[in-house]
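Structures follow.
Paired with chain B in one complex and with chain C in the other, chain A is shared by the two complexes that follow.
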Partner chain A sequence: MAKAKAKPKVGIFGFTGCAGCQLNILNLEDHIVDLIGLIDITTWVMAKAENSPGPWDIALVEGSIAKKSEIERIKKIRENSKILITIGSCATHGGLPAMRNLRDTSAMKKTVYGDTTDHLDIMDKIMPVSHYVQVDAALPGCPMDKNEFVRAVKALAVGKTPQIPNFAVCYECRIRENACLLKEGKFCMGPVTQAGCDALCPSNGAVCEGCRGPVAQVNWGAEYKILQELGATPEEIKRRFLKYCPSTADMEEFQELVF
Partner chain B sequence: MTSSNIELKHIARVEGHGSLYVTTKGKKLVDVKMSVDEGARLFEAFLVGREFREVPEIACRICAICSASHRIVSTMAVEKAMGIKVSEQDIDLRRLLIWGEYIESHILHALYLALPDYVGHESVISAMADFPDLVKIALKLKKLGNDIQILTGGREVHQVSVQVGGFSIYPEKEELEKMKYRLIKARADLQKCVDVWATLDEIPFERQTEFLALRRDDEYALVDGDIATLSGIRAPVEEYKKYIQEKIPDYSQAKACEHKGEAFFVGALARLNINKDLLLPFAKKVLDQLGIKLPSYNTFHNNAAQLIETAQVFEMAENTIERLLKADLEWHEPEVIPKAGKGTHITEAPRGSLVHSYEFDKKGLLTKADIIAPTTMNYVNMEEDVRAFFPQIAGKNKDEIMFNLNRLIRAYDPCISCSCHMTEVI
Partner chain C sequence: MQTYTIRKDEIPKLVEALKEEYEVFGPMPKRTSYVFAPVTDPTKMNLDYDSTIMSPKKYYLPSSQTLMEVSLKNATIEDTVKDILDQKPKILFGVHSCDINGINFLNRVFDGKYDDPYFQAYKEITTVIGLNCLEPCKYGFCRAVNKNFVLDGYDLFLTEISDTHYYVHVGSPRGDRILTIAHEFFKEAKEEDGAAFTAALHKKHENLPVALHIDNIHETLDLAWDDAIWDELGEKCMNCGSCALVCPTCYCFDVQDEVDLSISKAERVRKWDTCLFYDFALVAGNHNFREDPPARLKYRFYHKFRGAIHDQGEIACTGCGRCIDACPAGISIKDVLFRLQEYWAASPTPQGGL
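Let's turn to the complex of A and B:
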């Protein structure tokens, strides 16, 4: 009989954030026992007291690089991992905390802490993990989608790269036969947002907030026009466009928009 | 005598990054510092300028484990600021969401994160080998809590359907009926967990401290009420700054809080101590079985208190669903008109009191936010507990001392992401 192949060693790492993507792994109540059969989680400080210092076959990285010391940490994890995957918006795109990139961080620090800020390690800009190290695949979303995660781990366990849809949330909305929220006059980001969440928010009657980041070949101009026709002001549109993925502001097509 | 340092760097099996630094001289403890290593996200600062409708959507991202509590307290603070009233069934649906969060969060903490210490395992994953049935029951109960959150909030982490002024969708009546049936059936599962907990060795420890929680006279307060302390203070939530004062330790990325210049405790044990007279029959039975005398000053009882509260919210959830089934459940579009104003609300997140206080301009854009999370309130108390507990374990070897200190901090169910979203300076 062929010898059973060793399970890939997996490390799960939280950087600055809400821990929601890690929590969503714990929330896989129906799958967790099967997943543990596929992979060997050797490091996961949120759930385990005994943690390996590496190396790992797969590193799953959650959260923002928000402190200087976190840059060193992510580099070390990269050096000790064969594959590195970002989970969630913060690690993939910078996420909500990256809103600071478009503002004056020292003024923000003052708003929060007053004048006592010298002892704090707060970076002026929050960049995606891919800014610091090579990222092999990304599972975006705030939080990352549980089902997408299960599919990704199953693919990784057999040596494949997880596939992330390159179409907009609107397609998934159609498949679920949801009424179009833009047609109801609501400021939905579905047309410009990468799918993979099964259109969760619109299926709950709530607009897509764009948490998964821009879809490939995004047409910002068309979405801008739709929202403007629905009565959104340029400021409102800008706020929506730059919420979960503020690096959108650096995109060429985006810079053509007039706010 | 030489001094030595005990460092619990990156405390495991808690949410977020925190460390405990203890300096000892011989068997004497000289210094304790609870430090938060999580980076700052500056929520209060980037909330400024955002529109009132998206404030709860953003604020719930402070913390995943308490996202429902953040979403609800934030929504209610916005509604107070704008003078928006919501319907009885909206209130009940929000309450049901919170009961779901309590079930999920308390089971996660008591059985996944705290229990392994009591049964000699490093994690629930390794405990699975020795206690397969208990772990399966814990998974089932946790899923029940999550399914209640999905039914009422659209998702178990960072809910979507709770909106300022109401909801974006309502659950179907049949789904609510099914949920009620599941809750009734799951009582037996919860009972099995309680039976196991009742056999665990108790850790003897006591330290007099103040307890703070919400209080109302008609119900075990979790979603709204007055600020109350065990020593008898009772005040409206708008006066929170009088009772909860923040300071900035120079060794931590988070603030810490005091009450009248002293440490205080928030969380399941505080609520139980303050609201014990309002427990429903199932919770009362669990309290009796676990044999805890109230008020309890033993921090380790906080985990048992979480199980007692789980029984409490089981019954509250059944009652809430019963009321919802009698309502029409006709969904209505939330109607909201922005206006300038101030709004403060406090809820009890599973790990303690949670304050959101906002100011808006007349366009409905946020001009000021003050958010105080429970773990921030508990930091000083944690340090005081470490001081008081240390002599009990001073004779043990370093590994055992570290194990016991970890366990003490873990008993609080600390939520370090929450504490380090960063609170505003008064």
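Let's turn to the complex of A and C:
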């Protein structure tokens, strides 16, 4: 065999989120040794004592951008990385922290911190990483799917773009032979949510919460109508649509909806 | 042709006896529905099932299937046809006429228009025990598309002739094999059994609805090309693909190469794909033949009821009704066909003459 090429240098970074996606990488017990054989993780504050300041071939970024200081940090990581990939719904779509966008930030600050809030470096809107820098690929999900992560790393190691399913969760749900939860009257987000999780929630009887974000060419209007006919109020529908993906409110199709 | 009867309450024992030589699959309960699954407990198999979520297509064209294994180290490629042929032979127990017709349709594709060794290998190892439907199922409309009976494609075929017995037709030497290894369960049919079989068919014809006539479907679709129905459906459809996945005749797949973590082995895998997905008609240069989602839904109808007649000699629909059950948006292929039928009927016809 030809002499092995140098392994790609990888940095793993956390921004605003629960750090569950990074934890999911650590939890890849069956694959972690093989993974280390493919990539050289030079920076990972969560798991390593000594960390390189860069540059990196691949940056894996978890978490949303919630603070002004995080904007500078993400820009610096971008400048020092050849490829930048977001992992998890926070980094990809804003995620759960960004539910804050739908509320009055100053009132929330006051509730939590009282009158002394000057020290807080909080922006009014929490945004996904792609709002500030170019993102080359995204592994959405809350948390990101471990198997999808492994597939992505394999693809990157051989110089390919990671393939992310470009269809709805229903594909995986039907293949796992689940009866449709919407047909059972449950408020499932499967038809408007990007696949890749192997329909984990609906296969266990729980509705899809939409954590992987909207599928390509999403038909919000049709899902809206179905949920409404099942008895959901417009406010409930909006909360469901934006739960993991407040950034989708900017989508043209979304803005056509009347809430 | 020699025909037989079998006692219904002996079916579990028959399945148990067949398990020695075969892996037996049949309609098993899953939550609120049924699925074709290994018959682990034959008393749980329910031959009175209405329909299953997925058709037995999955036993001929699995949703994900390794076609070849590549060793980068040894520079070898091996296809997996032999692995299929090495599997324990399968019996699909209790397959309704619509689904046997579905398998027959796949046969026209993979052992007719195309020469697919994987499909053919699955066919080689699979024995089909069919089951006549004497009552309509919730969503089906098989009789409207002439798929409420089978001419071939089964090895044994059961028809309920009383509360206690099935009438058994033998369709092939593979069916004969079952009679040989489990002969104690089958009795030669008597004259009164034959009469009961005829009575059962009468009952079936009384029960199965046939309000829909699609003889002119291909030309109707030509007439309806610009009809408003396609926009209406396009608005409702979320292109989730459920209809195509549960369809016994949809046969499209994608082929992907997957490398393992050691980067020393790779597999070529085929996975079900559907024309409702964005990537389906996406080609080099980022051109997409059916960029708009509603165009993809329309395409599916036109392929099923028009294109397939040219390609496979018959429509690609067995009237099983699974897509109606599966569609989260409530789109009903049956309602669409009714609308098209009205469209045809409303087309001006000269008065008088023949």
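Just so it is clear, the second predicted complex is superposed on the first by the 257 of 259 C-alpha atoms of A that agree within 3 Å, B and C clash if a C-alpha of one lies under 4 Å from a C-alpha of the other, contacts with A are read in each partner's own complex, and residues count from 1 in each chain.
Criterion: contacts are C-beta pairs under 8 Å (C-beta built on N, C-alpha and C of every residue); 3 or more make two chains touch, one makes a residue touch a chain.
Here the structure is a predicted model, which is why all the values come from computation and not from measurement.
Participant: Evaluate whether chain B and chain C can sit on chain A together after superposition, giving fit or clash.
Facilitator: They fit: once the shared chain is superposed, the two partners occupy separate space.
Participant: Where does A:I36 make contact in the superposed view: on chain B (first), on chain C (second), on both, or on neither?
Facilitator: In the superposed model, A:I36 contacts chain B only, not chain C.
Participant: May I ask you to name which of chain B and chain C touches more residues of chain A?
Facilitator: B
Participant: Once both structures are overlaid, what angle do chain B and chain C make about chain A, taking C-alpha centres and a multiple of 10 degrees?
Facilitator: Reported to the nearest 10, the angle reads 110 degrees.
Participant: One more residue to check, A:F259. First (chain B), second (chain C), both or neither?
Facilitator: Once the two structures are laid over each other on A, A:F259 reaches no partner at all.
Participant: Once the structures are superposed on A, label A:N178 by its partner contacts, choosing first (chain B), second (chain C), both or neither.
Facilitator: The answer is second: A:N178 touches chain C but not chain B.
Participant: Can you give the closest approach of chain B to chain C, taken over C-alpha atoms and in whole Å, for the superposition?
Facilitator: 10
Participant: Can you list the residues of chain A that meet both chain B and chain C?
Facilitator: In the superposed arrangement, which is not itself an observed complex, chain A uses residues 205 for both chain B and chain C.
Participant: Which chain A residues qualify as touching chain B in the complex?
Facilitator: Result: residues 14-24, 26-27, 29-30, 32-33, 36, 41, 44-51, 64-67, 70, 96-97, 99-100, 103, 105, 107-109, 111-114, 116, 119-123, 142-143, 200-201, 203-206, 209, 236, 239, 243 of chain A touch chain B.
Participant: In the complex of these two chains, what residues of chain B are touching chain A?
Facilitator: Contact set of chain B toward chain A: 10, 12-17, 38-46, 48, 50-51, 54, 57-58, 61-65, 67, 108, 112-113, 116, 122-126, 128, 139-140, 142-143, 146, 154-158, 160-161, 163, 167-169, 248, 250-251, 253, 406, 417, 420, 422-425.
Participant: Inside the complex, what are the residues of chain C that reach chain A?
Facilitator: Touch residues, chain C against chain A: 30-33, 35, 53-54, 63-64, 73, 235-242, 245-246, 256, 258-263, 272, 274, 277-279, 293, 325-330.
Participant: Any idea which chain A residues touch chain C in the complex?
Facilitator: Listed in rising order, the residues are 1, 31, 34-35, 37-38, 150-151, 154, 157-158, 163, 166-168, 170-171, 173-175, 177-180, 182-184, 188, 190-192, 205, 216-219, 221-223, 225-226.
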